[in-house]
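See the structures that follow.
In what follows, chain A forms one complex with chain B and a second complex with chain C.
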Partner chain A sequence: MADLQSQDYIRRSASTMTPPSIRNHEQEVAKLIDVSRCIGCKACQSACMEWNNLRGEVGHFEGSYDNPSDLNPSNWTLMRFTEWENEQGNLEWLIRKDGCMHCEDPGCLKACPAPGAIVQYANGIVDFISENCIGCGYCVKGCPFDIPRISPVDHKSYKCTLCSDRVGVGLEPACVKACPTGAIMFGSKTDMKSWAGERVEDLKSRGFDEAGLYDPPGVGGTHVMYVLHHADRPSLYAGLPDKPRISPLVAVWKGIFKPLALAGMAFGVVAGFLHWIVQGPNEVQPEDEAHAAALIDPPDGKQ
Partner chain B sequence: MPLVRALAAWHARSASDTRGRLAVELSRRGFIKLSGAGLAVSSLSALGFGFAGAALAASVRSFKLEATTETRNTCTYCSVACGILIYSIGDRAKNARSNIIHIEGDPDHPVNRGTLCPKGAALLDIVHAPTRLQMPKYRAPGSNELKPVSWDFALGRIAALMKQDRDANFVARNAAGTRVNRWTSTGMLAASASSSETAYVTWKIARAFGMLVFDNQARV
Partner chain C sequence: MTYMRGTLIRNTTATRINHWITGACFVLLMLSGLSMFDPVTFFLSGLFGGGQSTRAIHPWIGLVLVLSYCGLIVQFWRDNLPSRDDWAWMKAFGRVLVNEEEGVPELARFNAGQKFVFWSMTLLIPVLFATGIVIWDVYFSPYTTIETQRIAVLTHAAAASAAILVWITHVYAALWVKGSMRGMTQGYVTPGWAWRHHRKWLRRLVAAGSRGPTPRSGGRARGP
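Our next item is the complex of A and B:
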């Protein structure tokens, strides 16, 4: 398959070769989700399913507005509803659009053992290339936000692509376009940060003193950011990690065990080869003895 | 892996040479050698001496609206009347049957400027719903069955019944003799998603009939 997009890669899972990255002057993109403007209508969910041709199984009511109750291979984004009683005793209905955060330092990509199954483009989008996916589920463990889901049908991992096919031709993602309140915005990361700044200022002027931008440095920043009215407590919003970081297990496994094991394997091969060179030809087998004896003393007595 | 297969073949050949037998089965020693070769190959590829071609076999999903036909329309749902863009396969060529594959908001429409609500964003499934009404249906007086009929039949029958009812019940003057031109026995419900211009025309037509019972849902 022709792959012009590989020139846009800046990271590629389980690959030691440096991606070509010929196009190195690409603008980084970002999606900004302003939780304070979201009304929880789920237009983003509908638009996502429509654009990506996803239709999940019809589920059951689970006692909450979350519908379906969790992300799944056919549902890459989900409104998560939290009812929270604040210090003044007032109910706050916190609604967060959950989905892939497109981390600058993606834990899924780091954990992935399949070459090229997870890639990161120069514009910041982290994409799963299903063709290369082996369905091991390491990306699920590697993700600080618990986003990827393995399909029981084809045993491959799925998540939001940030509509890489739309962004690739200059369009905004489907969820961004649909959002009727403008709670989801899309643009360059710089523009989104400055727009977030305006929103945070506005929220602070309305009494949300702790309003802020969620762009966690633990994963190098993200290409999907939130404006939160309570940025000091992200976990209020349906368990958004306060300080997300890639699991230390991934770092130990990929940073220590993998190089050690590779070195061990390489040592084994070299040692085996040297052993064969030095020792192998010098070993005398019973067949060799018999052959030599036959040469010295042929059975038929001829010399 | 072709390299491993070649090594196995080479080993089998050399084994048959030294032992003077044609046996292809692996001896214990041969198995260890073969495993070693496999290990060497996999370590080499793990260390980055891979095959460059295979490494690049990936690509983003192709953009599905590339050569589709774009049609402007209005959302069928509520009276907000959002503008939508309907994308259908084919370029209107004579032999291509068009089919709607995608619907999204119209960024040039002043009402919604590209956005849609969850129902609007899922319009595609309304278009293709098996339960969607695609033709007029007619239940004859006394019948309990709705039968599909042609538009000509439906519109003709509606017009005939309207004329019949208006002729019978039109009130030109009230009891005091003042001209009122009322037709109160028939009503009209229309135009929930129309533009101001369309609503104006609809209004004019309904009033020209003398209709009083009329709602174009502009109040929503």
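Our next item is the complex of A and C:
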């Protein structure tokens, strides 16, 4: 969303030069979503629409509390409801606020072919710079969390910005501001981790032995973290990936394959040129014409 | 088209138009595709009016390429069927490379190198088409899983790279073997060219009294 300026970047998509970040004194930020305190009121969802001035199409009831039924270009965060019967046969209502995780190692940015369409700021926020976006959908393939959505209207990709425009001027994200139970917290990543530690302790003392923090190392950690009562099984929460990582297919495509292919093409051209200057063209000789003429019109007159 | 008297027709007017539509599509696809492949070639998107329009137009050109290439398959498949001479030609490839004609077998309309180009493209273009449809986000993204799209985009990039390598070989061979280019621009070659590179083809034309491109075509291969 907000483009801040290039010295705030630590990563820039499809760029051969790393931008010279001078904001290395910047603290890494994080949003902590405490699933155990969420009541599913969707105030955060409304606040997100409100701040970003987004109004999606009115959809249809799909038989679930999820509303709308999926993330979309004008709905960057979504409460996902799961009814789960635990081992004791009790119903647990698991509610997870879905949205961009702001990965430390963002797969979307790795896959993006458009220079500067996806950037990461020194504070850790991963932002889509829409004016550079070409709408190819590669970020969708790069993301381990199935987050970006391409707008059919302007063919650009959209997702949660972590309110980079608010954070840039010292405000907390709109969802954090709106949450009535304090289930969404925002601050430096260090603070959020220690706060999460306290929450996990509390949950454990209340019988949730597997409570824990979701800050998946497979993507280098995330700048949106969850406190889960069942941190041993993240996928209970509407399919939150248990061990997210950038797909090896994407890693091979953007990692080893690209330079190899370009080197192969360059080699092909150079080999051709070398052959040309060493051996030169293959020219038809006068003898060839003479032989051919003799074949077509034999000197003795018969054919 | 009036061909030079005493020459052989290597490709008919219809074949040549078909070939150059294919070639133009391929070059445009290569330029637009490469611009989305790596940052160093992103500037090529400027040729198509920027990133958004490059992304939008590439698959449409692909569609034209597929249709056009089908035409080439219809016209060329028969002369590209493998034959015994291909093996002999490949064994003599060292001589071919150094422009030496001794010990290189007489050949019909296409040599093994040309057949390789034909069959590689006949394989790669459908692969590019199938994978290209899967990653054509605007229209087809709802029909496949993201994992399928990941496989498709990697396969598309791999097939495109292979096709570009084959294309480089194809273009270089046309520049290297003098007289070939005219065979596809103006459509004719000299009898000496045919004697030197495709002697069996020449013999068959002469025996059939045809001017080319195949023994079944009309006209006589006679000098003025």
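Keep this in mind: the second predicted complex is superposed on the first by the 260 of 303 C-alpha atoms of A that agree within 3 Å, B and C clash if a C-alpha of one lies under 4 Å from a C-alpha of the other, contacts with A are read in each partner's own complex, and residues count from 1 in each chain.
Operating definition for what follows: contacts are C-beta pairs under 8 Å (C-beta built on N, C-alpha and C of every residue); 3 or more make two chains touch, one makes a residue touch a chain.
Note that this is a predicted model, so its numbers are computed, not measured.
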Once the shared chain is lined up, is A:41 touching chain B (first), chain C (second), both, or neither of them?
first
Could you tell me if A:131 is touching chain B, chain C, both of them or neither one (first, second, both, neither)?
first
Using the touch definition from the top, say if A:51 reaches chain B (first), chain C (second), both or neither.
first
So, does A:116 touch the first partner chain B, the second partner chain C, both, or neither?
first
Mind working out whether A:179 is in touch with chain B, chain C, both or neither, as first, second, both or neither?
first
With both complexes overlaid on chain A, does A:16 touch chain B (first), chain C (second), both or neither?
both
Of the partners chain B and chain C, which touch A:164 in the superposed model: first, second, both, neither?
first
Just to be sure I read the superposition right, which of the two partners does A:141 touch: chain B = first, chain C = second, or both, or neither?
second
Which parts of chain A are in contact with chain B and also with chain C?
15-16, 115, 132, 262, 265, 268-269, 272
Would you pull the chain A residues touching chain C in the complex into a rising list?
14-16, 113-115, 132-138, 140-141, 146, 150, 152, 155, 247, 249-250, 252-253, 257-258, 261-262, 264-265, 268-269, 272, 275-276, 279-286, 288-293, 295-297, 303
The residues of chain A that touch chain B in their complex are 1-6, 12, 15-17, 41-47, 49-51, 115-116, 119, 127, 129, 131-132, 161, 164-166, 168-169, 174, 177-180, 182, 262, 265-266, 268-269, 272, 287
Within their complex, chain C touches chain A through residues 36-40, 42, 45, 50-52, 54-56, 97-99, 135, 137-138, 141, 146-147, 149-151, 153-154, 157-158, 161, 164-165, 168-169, 172, 175-179, 190-196, 202-203, 206, 221-223
In their complex, what parts of chain B are in touch with chain A?
18-19, 36, 39-40, 42-43, 46-48, 50, 52, 54-64, 102-105, 107, 112, 114-122, 124-125
